[in-house]
Amino acid sequence: MNPFSVPVRVYIEDTDAGGIVYYVNYLKFMERARTEFMRSLGFGKDGIFNDGIMFVVRDVKIRYVTSAVLDDELRVVAEPTLVKGARFVVRQSVHRNDELLADALVECACVSRISATPVRIPAAMRDALSNAINGG
Amino acid sequence: MNPFSVPVRVYIEDTDAGGIVYYVNYLKFMERARTEFMRSLGFGKDGIFNDGIMFVVRDVKIRYVTSAVLDDELRVVAEPTLVKGARFVVRQSVHRNDELLADALVECACVSRISATPVRIPAAMRDALSNAINGG
Amino acid sequence: MNPFSVPVRVYIEDTDAGGIVYYVNYLKFMERARTEFMRSLGFGKDGIFNDGIMFVVRDVKIRYVTSAVLDDELRVVAEPTLVKGARFVVRQSVHRNDELLADALVECACVSRISATPVRIPAAMRDALSNAINGG
Amino acid sequence: MNPFSVPVRVYIEDTDAGGIVYYVNYLKFMERARTEFMRSLGFGKDGIFNDGIMFVVRDVKIRYVTSAVLDDELRVVAEPTLVKGARFVVRQSVHRNDELLADALVECACVSRISATPVRIPAAMRDALSNAINGG
């Protein structure tokens, strides 16, 4: 099965004076893909950013292979690889046709809106992520 | 008397593939200058963004004259021109040495954090803005 | 006939600590719509950003009516209203269902990539814009 | 000796609807510190972004510990740890007083502006980085 992905068009806002996509912005593209992946599991805004909890990024490892340029049509992948306690890990990548531009591991943590401390991922979300990890 | 201004250095994050500062980012530079101007009047974060009120931008008229480029040292001016009820207007400009790069009029409104509706600017702030407008 | 528009989803990258879309980012949304509008006329990247010319924004008048929030699905309109010499003007607006969030007039100028000075808009593009203005 | 650092004030542009600094923006803060660090070694824009070469980020590992919020005064550290061939690595961190908010390893590569392929870091820059690594 193909992993979940979203299309991203590169606009001038995404580029820098090097004539390429500003490398920081790949993290924005990846977050759009994670957000849509969660929505595809049934967890829209109310599930991931509400009065009780929100998700914060705890750790990113990203490797840049080739640069995207203005007007490129990219495909941005989000595949969960781990869910445990308060955190989950998503493998992400950015592609232009068959070419890999960047890949990353992004670790997210569920935190309380009030205390900003970690809280267990809600059971329904944990089960949905587990299921997705196991090829469901 | 010289108007209030702050220095801004142009970093790669501010540029676009045209090799110039992305025009949208001048509004960020201008907001930094407004924020520091308010601080200079004695209104730091607690005064302008608290549980009761915050300020939102209601209207911007901006004219771009010449482009800034990577590594430029800019000077960004903030001069209040009007304060009335829930709103105030700031004249802003961006300079590179003696050269004008952009100028703008920015209208800000004080709104309730709860209702998002306009509320009168607190008297101490209104007085400080009035005083600044009158050359104080 | 309905004006040209594109959908824009609000992601966390677009928001600020006020809990709303950072007002500066509406200009990014509007540029996405202008870019896609030009593409719909047959002018993709090669037409608007090439070795000879590019377009820069010269003037923006924007009015903010209501704030967008995280996860909103917006519609962003781009309608040309004037084309003359080196410049054209686009009326733009941002909507959430039937609600107007912001509207703007954006003036763009065609400039030489070499000299950064204004050059006449290429005839084919001028004609396409004129035609669009006249309801074509 | 204290490592090289720059102060960064958090403005509304840096925050997100979670009420904290948008995690992606720490990478911008870190790049400002790297740029100023290179300048402190004598390599301003002409040295790091010219007709022949520029530097691109190849790899980032970043860990987020605690969130910054609006108006925080941060200190952002840049310390080179390796220079070899076309690349160098910088250890970076973001602090609020004595508190660590994030740390990272950022690998940069020198590339040709023409071919976008790696080229050896110019000798003078390599020597300056080596010297800095060795506590010079």
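Just so it is clear, A, B, C and D label the chains in written order, and each chain counts residues from 1 on its own.
By our rule, a contact is a pair of C-beta atoms (placed from the backbone, for glycine too) under 8 Å apart; a residue touches a chain by one contact, two chains touch by 3 or more.
What you see is a predicted model, and the numbers here were worked out from it, not measured in a lab.
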item: Type of subunit A:subunit D copy interface by residue overlap (half), same or different; value: same
item: Most remote chain, CA-based centroid, reference being subunit D; value: C
item: CA centroid of subunit A to CA centroid of subunit B, Å; value: 34
item: Whole-Å separation of chain centres (CA-atom averages), subunit A against subunit D; value: 24
item: Euclidean distance of C-alpha centroids - subunit B vs subunit D, Å; value: 28
item: Contacts with two or more other chains, residues of subunit C listed in rising order; value: 12-13, 17-18, 20, 24, 28, 31, 49, 70
item: Chain-level touch network, classified as line, ring, star, complete or other; value: complete
item: Complex contact set, residues of subunit C against subunit B; value: 17-18, 20, 23-25, 27-28, 31, 49, 54, 56-64, 67, 116
item: Subunit B - residues contacting subunit D, complex; value: 9, 11-13, 28, 31-32, 35, 44-45, 49, 70-71
item: Contact footprint of subunit A on subunit B as seen in their complex; value: 12-13, 15-20, 22, 24, 69-70
